[in-house]
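Chain IDs A, B, C and D follow the sequence of writing; residue 1 opens each chain.
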Amino acid sequence: MIDKFVRDIASAMADIADGSTVLLGGFGPVGQPNQLIDGLIEQGARDLTVVANNAGNGRTGLAQLMELGRVRRIVCSFPRSANSTVFEELYRAGKIELEIVPQGTLAERMRAAGAGIGAFYTPTAYGTPLARDKETREIGGRQQVLEYALGGDVALIEAWQADRWGNLTYRESGRNFNPVMAAAARLTIAQTQHVAALGSLDPEAIVTPGIYVDRVVHVPYGDPRA
Amino acid sequence: MDITTWSRPQMAGRLAADIPEGWCVNLGIGIPTMVADHVPLEREVIFHSENGVLGMGPAPPGDRIDPWLINAGKQHVTLRPGGAFVHHADSFAMIRGGHLDLCVLGAFEVAQNGDLANWATSENDTAPAVGGAMDLAAGAKRVWVMMEHTTKEGRSKLVRRCSYPLTALGCVRRVYTNLAVLDVTADGFAVIDIAPGLSRDTLAARTDAPLRFV
Amino acid sequence: MIDKFVRDIASAMADIADGSTVLLGGFGPVGQPNQLIDGLIEQGARDLTVVANNAGNGRTGLAQLMELGRVRRIVCSFPRSANSTVFEELYRAGKIELEIVPQGTLAERMRAAGAGIGAFYTPTAYGTPLARDKETREIGGRQQVLEYALGGDVALIEAWQADRWGNLTYRESGRNFNPVMAAAARLTIAQTQHVAALGSLDPEAIVTPGIYVDRVVHVPYGDPRA
Amino acid sequence: MDITTWSRPQMAGRLAADIPEGWCVNLGIGIPTMVADHVPLEREVIFHSENGVLGMGPAPPGDRIDPWLINAGKQHVTLRPGGAFVHHADSFAMIRGGHLDLCVLGAFEVAQNGDLANWATSENDTAPAVGGAMDLAAGAKRVWVMMEHTTKEGRSKLVRRCSYPLTALGCVRRVYTNLAVLDVTADGFAVIDIAPGLSRDTLAARTDAPLRFV
């Protein structure tokens, strides 16, 4: 019997290696795998490359992971926000590398990794500093920039419902990067608010089929504002 | 000399009046968000938020907040009947695939050739936050900019050539400022509306780029 | 009030121009927009390029459109099947052009058109006759073939449910190429088995949001085997 | 001289025994489809069909056919609890993105370097039907081939070099024939199982490519 549920976060995290590229789901406070990120902090892997939309807020979660010196490099679209002070301090001190990627290109590069596309051409960022030194060509009358697939060793994501095959649903804007990252990583670990019996999820409404999910942990934490 | 100017709600209302029913529209973070409040609910305009919400409705009353439903500015919003949720790659496929009828963005500078600078204030800023700005600017069918005509220091934001790092080349079709509404044409900025009582000469004096009055 | 429903198939088809590229949904008999294809036959547009998985079966639908001499070129993955005789006759007589595309590359090229990707690199078909004369490069240690976006002027698709904003669901394997084509065409016309009131479709389970759909016709034809 | 050979059900059974629980598997059209019948339902293997069905179950009884549920061979199938439907681009993203643990394909020829020819029988056939064969061959984590060891005319289908147009380069990991099971290794075909009573010499005589016995 396939059963992707693991008993606790520590078991889910056990084999994440130093030097891994870790994809972190979520947009704002919604759909963030907060307990898995805490688990990663606990677990101890270092020299990480983190891919996420933001570069952490406050002093918890990703910001804490960075503050502990465990993140060598961050790939994101929006490094600076109201309280991204940890990132800013590290960055100013030259203690963290940064790659800024337009948000759509970031999503598409991960989608490419999940779909077996090595690279693609997009008009986004053409003629801007973010395309500097990148290959370009004109296609269909538009100048386009060559962007490469961005896959992860590990994806940490949050779901609303999960069954033992690893099929996932999300809640409203909690979907965001999570399904894209699930497909883009070699090892995908999901925390889920709810456990669904196999066969109880509508096969027309499963957003991430279990093929993309390796491990699931039940974390019914409730309100994302908490 | 004081001049007559449009207030922000007036700018938002002026822009909202130009959005026809049925358009799919993304409103950038900041002032453009105000536009939604000026589109009457009975005129069905489908608002898109890049975090995967299509058919976004107004902010809920405080006691009806749904914590899982936020927009790209991380504010709590609602979903209208007919709305749908998609993931980030699908959401940006809508943007980048040319499916949005309109995107309204704020800007630091708009050049007379339609170049847009709205994400970084210096080439030396090595960690500016781009978010979805470049995708929206390059991908939407139309980009309209909503911004003050000048900086706080009085410098024109409608320029001959952008001095800030670009967001996208030649993407802006129309600009709504507190002083005027201007189309970006092959011959530069064409003024199609001007704040009540404001003279052409005064407008031209406040604008770096040359203006045509049509 | 947005209302994408049109009163009949003739109105839906009115402005399809000669020379158009038409994307036809469906895989096997399921999810095929049969009545819209009949409407296209009726409507009269010619010199068409048709993109579909197959090159028609029997003497009806796409096969009939081809037999009437209205299709200049077909782009598909599987031109020959048990009863693809119309295609085979035309092809042998040099009366129709053919572009064979691997099925996944076909889907991905349309997905690219819908997503604003000008072209992409894929390992599929590398070293085979279908990659002959195509640009290749090594990415991530694998040889990959450059493939271009494939968009349509028109997509004809079939849905299970539709509301007046054009939001669509599909039924089981009737989903197939339909959502991909809906996003890839400048004008998307859907026939739907069922009409849903606005707001009655689950926003988590809408597969094709209305942004991709221009016109909808209600065609409750029932069983696809009929 | 008559030789002992495995029947097709025996080949399917032999292959099915090598599929562990939990794998996601695509079975090519034709003989490979038989494999599913030899995987007991209690050993959970997730069958994928390229037309967007993941978690496919066996054919339904005639009076329980669901006309909207077919596989890539256009046969009526069922969906197991836990199954899901996706569209064609998402379905092929699973294939091309390396998410299938196994794809079982038929073949015209397999070369000792793993090259596969299974879609066209001549370079001069200008309208061969490729379907999803190239995507599956290039994309799955493992490709196993299930085929007769020789053509009807007795020509070996395990060859030094493919003469037919290729489907993909070096993709085949293992071959199940009516005579043997062979791994494709850096040193060519390695025989890991042989039909009962069949001698190594007889197998070698029926095979164009050189064999190693391990």
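Definition applied: a residue touches a chain if its C-beta (ideal position, glycine included) is under 8 Å from a C-beta of that chain, and two chains touch if they have at least 3 such contacts.
The structure displayed is predicted, hence computed values, not measured ones.
Participant: In terms of touching chains, how many steps apart are chain A and chain D, taking the shortest path?
Facilitator: The fewest touching-chain steps linking chain A to chain D number 1.
Participant: Determine which of the two chain pairs, B-C or C-D, is joined by the larger number of C-beta pairs in contact.
Facilitator: C-D
Participant: Can you check how far apart chain B and chain C are, centre to centre, with Cα atoms defining each centre and the answer in Å?
Facilitator: Taking the mean C-alpha position of each chain, the two centres sit 35 Å apart.
Participant: Could you grab the centroid distance between chain A and chain B? Build each centroid from C-alpha atoms only and quote it in angstrom.
Facilitator: The answer is 29 Å.
Participant: Let me have the rounded angstrom distance from the C-alpha centre of chain A over to the C-alpha centre of chain C, please.
Facilitator: Taking the average C-alpha coordinate of chain A and of chain C, the gap between them is 33 Å.
Participant: Name the residues of chain A that each touch 2 or more other chains.
Facilitator: 108, 111, 115-117, 122-124, 170-172, 203-204, 207 - these are the residues of chain A that touch more than one other chain.
Participant: Check each residue of chain D and list the ones that touch at least two other chains.
Facilitator: 79, 85-86, 89, 92-93, 95-96, 139
Participant: Every pair of chains that touch: which are they?
Facilitator: All touching pairs, sorted by chain label, are A-B, A-C, A-D, B-C, C-D.
Participant: Which stretch or stretches of chain C touch chain D in the complex?
Facilitator: 27-31, 77-81, 87-88, 91, 98, 100-105, 107-108, 110-111, 122-130, 170-180, 207, 223-225
Participant: Which residues, counting only chain A, touch chain C once they are in their complex?
Facilitator: It comes out as residues 108, 112, 115-124, 139-140, 142, 144, 148-149, 169-172, 202-205, 207.
Participant: What does chain B use to touch chain A in their complex?
Facilitator: 49-53, 66-71, 74, 79, 85-89, 91-93, 95-96, 120, 123, 126-135, 138-139, 165-169
Participant: Going by the contact rule at the top, pick out the chain B residues touching chain C in the complex.
Facilitator: Residues of chain B touching chain C: 21-22, 24, 42, 44, 46, 48, 54-55, 79-86, 89, 92-100, 139.
Participant: Using the touch definition from the top, list the residues of chain A that touch chain D in their complex.
Facilitator: Chain A reaches chain D through residues 1-2, 111, 113-117, 163-165, 167, 183, 198-199, 201, 203-204, 206, 209-212.
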